[in-house]
Amino acid sequence: MNYQEIISKIYDEIKCDFGKGKLADYIPALANINCKKYGVAISTISGAKFNFGDAEEKFSIQSISKVFTLTMAFCRLKENIWQRVGKEPSGNPFNSLVQLEYENGKPRNPFINAGALVLADIVLSEYEHPQDQLLSFVRELSGNEDINFDLKVAASEKEKGFRNAALGNFMKSFGNITNNIDAVLDFYFHQCSISMSCMDLARSFLFLANHGIIPGNDKRILTISESKRISSLMLTCGLYDESGDFAFRAGMPGKSGVGGGIVAIIPKELAICVWSPELDKYGNSYLGVETLERFTTMTGVSIF
Amino acid sequence: MNYQEIISKIYDEIKCDFGKGKLADYIPALANINCKKYGVAISTISGAKFNFGDAEEKFSIQSISKVFTLTMAFCRLKENIWQRVGKEPSGNPFNSLVQLEYENGKPRNPFINAGALVLADIVLSEYEHPQDQLLSFVRELSGNEDINFDLKVAASEKEKGFRNAALGNFMKSFGNITNNIDAVLDFYFHQCSISMSCMDLARSFLFLANHGIIPGNDKRILTISESKRISSLMLTCGLYDESGDFAFRAGMPGKSGVGGGIVAIIPKELAICVWSPELDKYGNSYLGVETLERFTTMTGVSIF
Amino acid sequence: MNYQEIISKIYDEIKCDFGKGKLADYIPALANINCKKYGVAISTISGAKFNFGDAEEKFSIQSISKVFTLTMAFCRLKENIWQRVGKEPSGNPFNSLVQLEYENGKPRNPFINAGALVLADIVLSEYEHPQDQLLSFVRELSGNEDINFDLKVAASEKEKGFRNAALGNFMKSFGNITNNIDAVLDFYFHQCSISMSCMDLARSFLFLANHGIIPGNDKRILTISESKRISSLMLTCGLYDESGDFAFRAGMPGKSGVGGGIVAIIPKELAICVWSPELDKYGNSYLGVETLERFTTMTGVSIF
Amino acid sequence: MNYQEIISKIYDEIKCDFGKGKLADYIPALANINCKKYGVAISTISGAKFNFGDAEEKFSIQSISKVFTLTMAFCRLKENIWQRVGKEPSGNPFNSLVQLEYENGKPRNPFINAGALVLADIVLSEYEHPQDQLLSFVRELSGNEDINFDLKVAASEKEKGFRNAALGNFMKSFGNITNNIDAVLDFYFHQCSISMSCMDLARSFLFLANHGIIPGNDKRILTISESKRISSLMLTCGLYDESGDFAFRAGMPGKSGVGGGIVAIIPKELAICVWSPELDKYGNSYLGVETLERFTTMTGVSIF
């Protein structure tokens, strides 16, 4: 059975689960999405592409963007980055602030919000034109020049961004944010607002499956070792407090966003992106997790 | 370069790091070990074996035993086991008790002590002769009939076991321990006291690398899926609060014990065990982690 | 208006509140109490006595006993006692275990359960016949020789005592319990099981209102300063996580028990005990708190 | 022995303790104070005044100002204020953020920083000219028209105010801050910057000792009950995580500030203010606490 058949078959099996999750409702741009949207795209290292459903429709990538900023920050600071942010799973969300306090303002990992704010701070310091260079980087990875911020989404996020402002100020009190907080938050809300399709995202993550090199143009973004390390962080920390369960069920490094997207990779093989905006209680796409679990079961391609 | 050369070479590179870790000192049996002990053993699915140093000397496996009891409990309760214990990394040790309280006595995962006590409770309920059957199981996995409890170690652990008694009583107050607590603790201290060599342990873990089947006798212990799931738990939770860092550096599912052993696997390939009793600040073998990181770097065999 | 009139009047005002609280239900002896029981007793330093309702009926004093064991421990260890237990309010119950861990097994104050177990441990070490001497002490304070343990209650508590066993073991792991844990728990469950009436309790606490001397027989139990210090601890920590609110509303040092009793004092004036077994959400007598708030409002006798 | 003799005598006894505490060092205005400054002032309800040392020198009142804003907020919202802020001691500082999260953005009490920001928010909403009206109120209470903000201190605080900004944003994310956060912080930093002498402060707090009425001009600020309630909050929460210990040692409702001032009252009797800028590890004046403990011991005037 080939990938195309598999992703069609999965849809048939799980379409009865629409309605079990809930749309993110904290900003209008996410709350007003059609909850029946569903897309899957696969890009393989050898250049094959497969897609199903709404795979070409753009959506808000939200926290998936943290992998892009982590890569940009890692490229510049190399291993010094780990002086600013940790590599351990964070335990449950309830503890996020107390852990930040206990560890003197150093976030547990780059994918919790506090960690992503530190990444944003680093990108602001290390790049001359941070927003432009982020867009250029994502366009290069995806091979799509038509990728942009959704300024309306960024503005909505800012209006509701008090908790992120709290995290930023708290870390600044420990000296772990060096730029002006409003600038950091502004950049962060922009990065989260990027609109991309499943096809864009699958292609963008292929360099991680390919151990640091963009297939097609053969440009090296990261060393093999660095690339594996980002994959490892995705596996242990990529789906919030459902990371362990996702590793357990799907066995792939992945990263989710509250817009309903999840991207995952099989090293040396492929990248896959699912989009379905209804979220489970941990903030991950309900049908997205289902899809990826079935995908590894049917194909037997998990990393374990 | 073959595995034998690699493990010799690694020893040469890291032998200067003896003295950077510290022996466990809470019981005499661990505190009086010769701190220069160092062994490595590799077993491959195809039947090859490699070893170096003190690879045939027995040591106290301690928390490595949790993989054995998890397997035994999983065999009987199947997916129902996850009603008693979770699958998520636990965050830092400081929070262990508050998390247990917050989550109503259900431990975050099977490898923190609270989780292992729940496994012990399950084994006590599900097996008629729990201690004998545990020994039989480990002997079968390792192909070594000469594996036993170290009763002196078990007795020492019991004398110092107030924190485990606290965890057990706390979970019993939530109804998540069903047997008598003294019986649960007695079993738990016995399982931790098992003495095995690197060679025994490498061979014992090979069924996980082999997706559930013991190579050699072809006996199926777990389904493919169950076997992968245990590997996934080892990756996300196997080295206490250093699990993320170990996944990041070594990229292998592993499980450590305070006796200085670490076992890790490369799916479909091999199991490797290192023993060096000096521990880092997280309670994992200092040279063991170093060894495994170098091993995946030199061989390029990480799962990512 | 005299005290007798006042306590009758209060009853008329609050009797409509029966049913707003709930009986403790974790042991049968408390769950099967008649929930309409209500008694008040006042003893003044000058020797006057007033009572209302079921003031002569005995009930389980539970945590009120902690004031007796604190006094006994304080008499022997003097200021050294504060090396074993703190003097600060504990914040909410959710944090009790994490605080105990953070503070290395030293309870925040003598009135949380962990603190009371430390007191029990001290009494066991410092007195030759701890149970007998506790009873003698309470009989002397109350002037009633007919005060005893309720062995059925003590046995019930023991059966349900896993959380206290957890606390005891946890503190022993830090070295803050010196006796055998079962012995400590046994003593603790006995002290909580003592049966006394409102009249007994009001009279027993009069030595605190009288700055350390039992009125009537003029025997000095504590120095003025020590007596004031226990009153201070009652004010800041005596009603669990409702201590601040009780100080705010009633303005008296008090101590409650889950059996529905609350004893409070007005320094240099009187001791008052209320009993009504329905508890509010913090575990304090619903009508007891109401009664004492009205009592200080009507008499104007609060300490502030 | 009269009050004047007593305060002189105390100074002789404790002057050897200079150097045991440390100056606050987070802003230059506090770090550059002469650490040998020491003043005491007493105002009695009957109109007597006593003072010693630098009692007429102004210093930064810092958190002592929280009693003034609590009074202003309480005057307007009455009992509704407790829907916005609690009345319980907060446990140790480590938990402040996790408690705030656990209790959905409602601070435990008005004297922790989070609570004081809620008070500032209320004053901003309820008063037309908040800063002017705060100054007028303090001038009226103290009978001194020459009391002002120290704008340099306010500006310094703002520069270092990231942790307060974090708290404000965090509470706003729960809807418990209604005004613009910068406006709330600006007001808060102004209130903390007020400069007053020991004599000013002793006189300002006399209305609390006098059950709500300013002695001298007989103006009622609060009802008897409201006044007692603020005293109760000072006793249980007024000295940060040393509140229980201070109640235990000094037995008086008090409020401290990081500028080295502590004001305390004896109901129906007097208000006393001590100033000594060296702080103990909890952030309270080292010699201030010593002075007040000795004062109640020598005079026997504690509330217990």
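Every chain is named by a letter (A, B, C and D) in the order it is written, and numbering of its residues begins at 1.
Operating definition for what follows: contacts are C-beta pairs under 8 Å (C-beta built on N, C-alpha and C of every residue); 3 or more make two chains touch, one makes a residue touch a chain.
Here the structure is a predicted model, which means the values were calculated and not measured.
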Check every other chain and keep only those touching both chain A and chain B; list them.
-> none
For chain A and chain D, what is the smallest step count along a path of chains that touch one another?
-> 1
What's the rotation, in steps of 5°, that superposes chain B's Cα atoms on chain D?
-> 180
Considering only mean CA positions as chain centres, point out the chain farthest from chain C.
-> A
Same or different contact residues where chain C meets its copy chain B, judged by the half mark | same
If you average the Cα atoms of chain A and of chain C to get two centres, how far apart are those centres in Å?
-> 55
At what distance in angstrom does the C-alpha mean of chain C lie from that of chain B?
-> 47
How many Å are there between the centre of chain C and the centre of chain D, using C-alpha atoms for each centre?
-> 32
Of all the residues in chain C, which ones touch at least 2 other chains?
-> 94-95, 98, 102
Between which chains is there touch?
-> A-B, A-D, B-C, C-D
Residues of chain C touching chain D in the complex | 86-92, 94-95, 98-99, 102-103, 108-109, 224-225, 227-229, 231-233, 235-237, 241-245, 247-249, 251, 253, 267, 297, 300, 302-304
Mind pulling up the chain B residues that touch chain C in the complex?
-> 94-95, 97-98, 101-102, 162-163, 165-170, 172-173, 181
